[in-house]
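Below: one structure, written as structure tokens.
Here the chain labels run A, B, C, D and E in written order, and each chain numbers its own residues starting at 1.
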Amino acid sequence: MVGSPVLLIAIPLLAAFVIPLIGMIWKELVRIIPGLVLAYMLILSATLLYYVSQNGIIVETIAGWQPPWGINLVFSPLTGFLATLMSALGFLVWLFSYRFKRNVDFEPAKKYFIFLMLLIAGAIGIVITGDIFNQFVFIEITGISAYALTAFYTGRNSAEASFKYLMMGALASSFLLVAIAILYSQLGTLNMADIASKMHTMNPTYKIIALIFFITGIGIEAEIFPLNGWAPDAYTEAPGPVGAAFAGIVVKAGVYAIIRMIFTLFDIPSAYDFLIVIGLITLIVAETSALRQEKLKRMLAYSSIGQMGLVIVAFGIGTHEGVFAALFLMLNHAVIKPLLFFSGSSLVFNSKEKQIAEMNGLGKRMPLMAAFFSLGAFAIVGLPPFAGFWSKLSVLSAAANEGLLLIIVLILIVSVIEIVYYFRVVNRIFFQEYSREKSAAPHRPRVNALVAMFVLAIAILVIGFYPDAVTGILHNASKDLLNTDEYINNVLQLGQSLTR
Amino acid sequence: MKKFLVILILAVLGFHLFAAFSGLGFGVTRFEKGVKDFYLEKTVSELHVANTVTSIVVNFRGFDTLGEVTVLFLAVSAMGGILYKRRHHAGDRSVLFSSSSIVRSGSKLLFPAIILLGVYIFIHGHLSPGGGFQGGAIIATGFLLMLIAYENFSVSHNTLSYIESFAGIFFVVIGLLGFMNGGTFLQNFLPAGILNNLFSGGVIGIIYVMVGFKVAAELTGLIYTILHEKD
Amino acid sequence: MDDKLFEILEFGVYGASILLILIGLYAVLTKRSLIKIVIGMSIIDGGIHLLLITIGYLKGGTAPIFSPGYEEAAGQMVDPVPQALVLTAIVIGFGVTAVALSLIIRLYRHHHTLEIDEIKRLKW
Amino acid sequence: MESIWYKILGAIITVIVAFIVGLTYMGLSRKITARIQNRKGPPFYQNFIDALKLASKTSAIHHGFMQHIGPAFMMITSIMSVLVVPVLTGDQWFSNLNFKGDLIFLLYIMVFGPLGMALGAGQTGNPNSAIGVTRGLSQMVGFEIPWVMALVALMMQYKTASIVDLINIQQEQGVWLMFSSPFAFIAAVLAMLGMFRYSPFDIVGAPTELASGPVSENGGKYLFTLMSSNSIFAFAKLTLYVDLFLGGASNIVELLIKTFAIYLIPMLYGTVSPRYRTEQAIKYFWGWPLFFGFLALLYAAIF
Amino acid sequence: MNTIILIFIIFLGGAILTFLAGMLKGILKEVLFLASVFVPVVLFFTNISIGQTFSFQAAGFAFQWGITPLSYVFALIVAGLGLMAAIYAVSAMRNKDNVSFFYFNYILTIMSMLGILFSRDLISFFIFWEIMTWSSYLMVVYQGKDVQTVGIKYFIFSAVGAYAMLMAIVVIYSLTGSMMIDSLIQSFPGFSFNMQLLIPILLLIGFGVKSALMPLHVWAPGAYSHAPMAYSSVFSGALSKMGIYGMVIVMVSLISHIPGGHWFREVIAWLGGITAVMGTLWAIKQDDAKKLLAYSSIGQLGYIIVGVGIGTPLAMMSGLFLAVMHALFKGTLFMVVGAIERQTGTSNLTEVTGLIRKMPWTFLAALFAIIALAGIPPLGGFISKWMLYESLIGSNHYLLVIVIFFSSTAAFLYCYKFLFGFFLGQEETEWSHVKEAPAMMVVPMLILAVSTFVLGVFPGLILNPINEAMQTLGYANTQGHLWELSIIFNEWGNQIAMQPIVYTIIGIFLFFLTFLTIKGYKETRYVTTKDISSSGEVPKEHENLTFSMNFMQPFFRAVEPLMRRQIDKYYTGFANGMEALFDFTRRIYTGNGQTYAMYVVIFVVLLLLFKNIIFG
């Protein structure tokens, strides 16, 4: 054992408290320490994930109280996979934004890295915790860091976006509390495994009402359709890497929370159908809205929402293939969308309005950025031999196995729309005349940003050409999600109890 | 029209909520054996903490509190970041009002008492009602009072920051010490003491004191930040 | 306590907390001033906290604090867990409100208004 | 080996006969037209004299290689079609290149010449030639449709694409196809009006308007070649009609009579008709002839 | 190492290396490019035998690559045309910007096409199909013209097709549990009727898009004409045949097992027929040679689809034969246009005139190709047409014969227009500087042009592999029954012997060529085309006598009703309507935070109201 899951939370929190002190000594450390912490988290979660795949689920208790009494952290193949993914992405986001906007004053920069680190710590907390109220706390940590990150730029409309996000977030936390109240009042416990094991004793009406409030509360984070009004604004106005972090990390945590509720906690089979329907609506509304966007990041935001809709649909299929496909989609989306955000924000870096129209002919001026963006676009619309293809294929084949032909048709129609708007941008970048004024000359990204993008691009290619590199992990994770009984047993009997 | 619609919608929502909650029953035991019984039992028998709420907040669900403290920290940092301006002149207050001498004198008189009360409350958090949050909030009120009374009353931002950080670090470090000693994060590694004594409950009291400091510093900083916000 | 009174109380406490939630929601949904919206959010929080506490109430229960000599009184105590949860929730609500207020200050700097209808430069 | 030389001899004879008969028919047509229009008209051998004159002329200039390949292509078409069409039924000597399934071949080889001719005309750079070519090709699209419908109706009815087979069928049944599949005959004849480019379908080479159209830059030997190929081609087409609809001909006299009878149709129709514009011509062919073509198909489908 | 995988590795590595070499100066990239096309093609011809397979597992699917007799026929097209066009491209693309990007995509296209043909499982089929799609898409937009309309249109249609195919693939996978094409064919008769209808329709949509089948063809004119011509020859010649390849499999192996499958065939054949007519008519109307050829490709693909759709042995044979022929002559023609565009700077038929004396070899190639295209004996195009008509009549598709024949006759108009526009007519001084294209461009054209002639005389050369392919598809061995090396038969015993015909034609031609043309050519002197007999007046040099505008105007006055409706407009209208709709629906994101909060509350209330329905 190299460490325990709790360090994934404790270390970033410790660092967050330490940074203001250290920042007074040497300012550069403020930028560096979060990176080191994220790198540590990546290494730790990756090792733990390997350990878990060999030895079974880790259940870590807090303060020495066994579940269901104490708060516990569950590091299973599923949560471990997501935690690893998030910390890896977090590290890349850090790498990309290291020295990002150096002209920004020191004070906001300091905060930026703290928020980023806590955002990721919070998201990981959402994933690995085994207690619903604790999850609520982590949702709030993630939320407040996200509001702060959204409002990072002082010059633009970021406060507006942030305020909308905050309004929705506050409603979300209220609804979550209501749901928690109902659950607690009925079952007298807050531990997920305990709730799951007692769920059959609960009055169905309360069960459904609790589920509704849960879905609404977490759905705001997971960007399901009528609840995602904040998302496009926040993605647009936040700095590019933060958009990547939202798309790659925060939403994933939200989706995880929803599916954990539906798969493990609540035994309501029709909730799966609900997931499919709401996912499809999200998918369709988001992708059609993305079609006519004028701002690049906004387009990417809608695309991201759409992808999440697709993920939810895939989860809603509910079979092993469906869950596998959904996790695969999450993985691919977490790899591809950050690349799009990184390269896209570099492409529109110096333009004022961040309009797509301003990207004309940048392919010749910034060939590498343009190539990365196109790679991302190719991958996200699911063209082989890039990463997105395999996940799309697995979604469709999962749906086909269940005979859900209509879903396949809808997904494919939406994919066509997706192709239209992505390729409009790619066309602009590569095949149209350069049209920017001199003042908005192309921006040259620094080495660290390039490295971050290279890593993502290589990941896209590797997954595309050799999907087996990840399918094993994903299969384990989806088995883990579907096996509710094992989860309950593991947690309540401390399956792989953590002793040092 | 919109308001009507909203009222209608809210009426439906209210109806459902009420239907749901009124069916829960009031003041009855709804579940056979929930976690609360365990808490009530263990808080006396193992932790030797009188205030069960404190034992829950700091120990059983201490992880929540760590998160909670982080949320506060985040909120204060976020405020600083959001309200940050390029040319920021420390010491300029945006809210200027002249207080009467009664207020000034009264504040001066009350301030030590308020601080003392706050400190009392968070030191005795594991014995009596209250705790770090409550005490911290009371201390911050004292500072608020002083800020209202005196235009040029100022608190060193750096000091607040030090207190905040050290308290936070201390919290996590205590957690990590527990991790190293007992095997789990935030585990009590000090002797539990005797119930209802000041030095009881092991680390619980210490943590709550830290929380008290932290909350006090953070709330004060928060007030201070808003007070110094200029258009 | 009188049973009749208790029934009224049951109705009243739940009703009050739900009414608080609804009032808060009403403010959030209809008031045009950002400040009022934030106040509304706080009212919702208050309602929910009240709800939580209510759930933890036990008829005739005492505060979950052990006094010397009453170490075995656990059965008479109200549920401490919701109280702990409320404590956390209050702090979180406080944090959110603080961020919201600072955002409002920022918005006012840029838009010179607090009308939410006029702050919609980001749309579609 | 012997038979090949016989065949070649027969083929050459066929071509020469076709040339002579074609020119004679053309001369006769001029005479007859003149008489109908109450003129005296040239003697029927006038075309031979013209041909002789043209053949003995010497050209001085050319506009490029392609201009002179055009007549060669034209010749290929004429000779190939006269060789493929069975001239005398059952005659080994003159069986030439007859083979089963030749109708489709004929359809295609018959447009080869005009295309080659058009290419030749194109190189001259004379706009009149090009205009004539476009008119000619457009008009061709017009009449080919009823023509092919008639042929398809025949193929459909008798399950063969071979002219020889069709002749044999007529002789076995004792009824000419003209009578046993009348609609096909009508459609084919109407299409033939266009094929011979007599008035009203002579806008291709409208003499006054386009200075003879496609051939306007050709003279001397080239014009002679074109003229002779035209006459051979005319003979080939007439023979085809005879073979298809009039039961073929077993000797030269029968052949001459039948072909001339067919030849009279476009000729006489032309003498009394004004000239159509191209699109009018196309619309004409896509009117009644097409209708009869469909009738023919229907008829063939029923029987 | 297995040769199959070696081929693909060389392609892929070659593509990447060529792309990287593009950053260097010098001819390294050209050399690499030619090598990475040439080596695999040679490997293909020498080391690949039918039946050799290569299997592996990835992502939970079984993959199998190997060549079948059917795909061998198409692979011949791809390898041959790909190699020729590659040689051509090196010269044609010299001095262009970003040429290594062109090479990269070119190699990927060839690779993916071979990959499609090698795929014995649906997944790798689809993967290669999509690689082909996007690499060809990148070529369409490569020159940067109309990318937002033409490029997007191409990609949308390809995507619709590909996704239809993908849906079919996943449905098949869910039904059979296997991705193998063979297992699909085996288990297809056991499917339910709905699936038996659904799967072929979806697959045919996919293949129909690539083969420009009638309602799905609107992308083709733009795409073919906007790609660089060196690529268009492959695009139209080989890439569109991938659709035909898939269609053959579907028509023969799947549809024949459906009860009432012959109606399916009828529909496809008729769609092909209509495609042929409309493609031809629109081709006549074009003034841009690229567009003309593009529409002509649509028309010719229509013939192929008719043949494949009818599906009798002779029809199938004619379809496959025409597929090969079309690759040859249309490849040549696109190369010709490319050469002319390179030398003159335009491909507009109304601008360029009189190039015959400037570019004689190009003209020769064009002449051969055009004659083959028009289906005139003795070139190869005739053979396929003959077989097609015979098979249509033999299988009682009389109306279809008329339709096909109409389109075939009308095709002469654009054939002539093409040759006349570029090579004939007035030799304007504007083009007096034009020179013949470089040898590296002319030689591939001529090779392809001559091969149309060879195949015209000895169709058996290509009918032999086609026969083998058809045997594996379940047709009887037709060797000797339907064809010998140069004699073809039909079901009624009709036959056509190409050899004597060709000899006679050549004899007559040589006779007149020698005694008329060459003799006359030597005896006379050349005068410019201005010196013509226009009523005795010799026009001045600057007077433009070229007749090229509104070329076939009278014809269009006649066929105008047929062309009044453009499917393209319906699609455009649909797309615009959709965009407007989505532009409207996205206003649901009003930008007002309060509205969003309202959505949340409404969401909750709706769920609460209908909780029994939703979660019941």
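Rule of thumb we're sticking to: a residue touches a chain if its C-beta (ideal position, glycine included) is under 8 Å from a C-beta of that chain, and two chains touch if they have at least 3 such contacts.
What you are looking at is a predicted structure, and each value in this text was computed from that prediction instead of being measured.
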item	value
Chains touching both subunit C and subunit D	E
Chains in simultaneous contact with subunit A and subunit C	B, E
Comparison of B-E and D-E (more C-beta pairs in contact)	D-E
Chain at maximum distance from subunit B, centres defined as averaged CA atoms	D
Far-end chain from subunit C, centres as C-alpha averages	D
Subunit A-subunit E separation of Cα centroids, rounded to whole Å	44
Averaged-CA centre spacing for the pair subunit D and subunit A, given as whole angstrom	79
Distance between chain centroids, defined by C-alpha means - subunit B, subunit D (Å)	107
Euclidean distance of C-alpha centroids - subunit C vs subunit E, Å	69
Contacts with 2+ other chains: residues of subunit C	21, 25, 28-30, 37, 51, 55, 81, 88, 92, 95-96, 99, 103, 106, 119-122, 124
Multi-partner residues of subunit E (at least 2 other chains)	586, 589-591, 593-594, 597-598, 601-602, 604, 608
Per-residue overlap in subunit B, given as positions that touch at least 2 other chains	6, 10, 13, 16-17, 21, 24, 34-36, 39, 61, 64, 67-68, 71, 74-75, 78, 82
In contact (per the touch rule at the top): chain pairs	A-B, A-C, A-E, B-C, B-E, C-E, D-E
Complex contact set, residues of subunit A against subunit E	163-164, 167-168, 171-172, 175, 208-209, 211-213, 215-216, 219-220, 226-227, 229-230, 232-233, 268, 270-271, 274, 285, 288-289, 291-292, 378, 381, 383-385, 389-390, 392-393, 396-397, 399-401, 403, 405, 408-409, 412, 415-417, 419-420, 423-424, 427-428, 430-433, 466-468, 471
Parts of subunit A lying in touch with subunit C, wherever the complex brings them together	133, 137, 140, 143-144, 147-148, 151, 154, 157, 159-164, 166-167, 169-171, 173-174, 177-178, 180-181, 184-185, 190, 232-233, 236-237, 289, 293
Contacting residues of subunit C [partner subunit E, same complex]	25, 28-30, 32, 37, 116-117, 119-124
Residues on subunit E engaged by subunit B in the complex (per definition of touch)	598, 601-602, 604-605, 608-609
Residue numbers on subunit E that touch subunit A, as the complex places them	58-60, 123, 126-127, 130-131, 133-134, 137, 141-142, 144, 147-148, 151-152, 155-156, 159-160, 163-164, 166-167, 170-171, 173-174, 198, 579, 581-583, 585-586, 588-591, 593-597, 599-604, 607-608, 611-612, 614-616
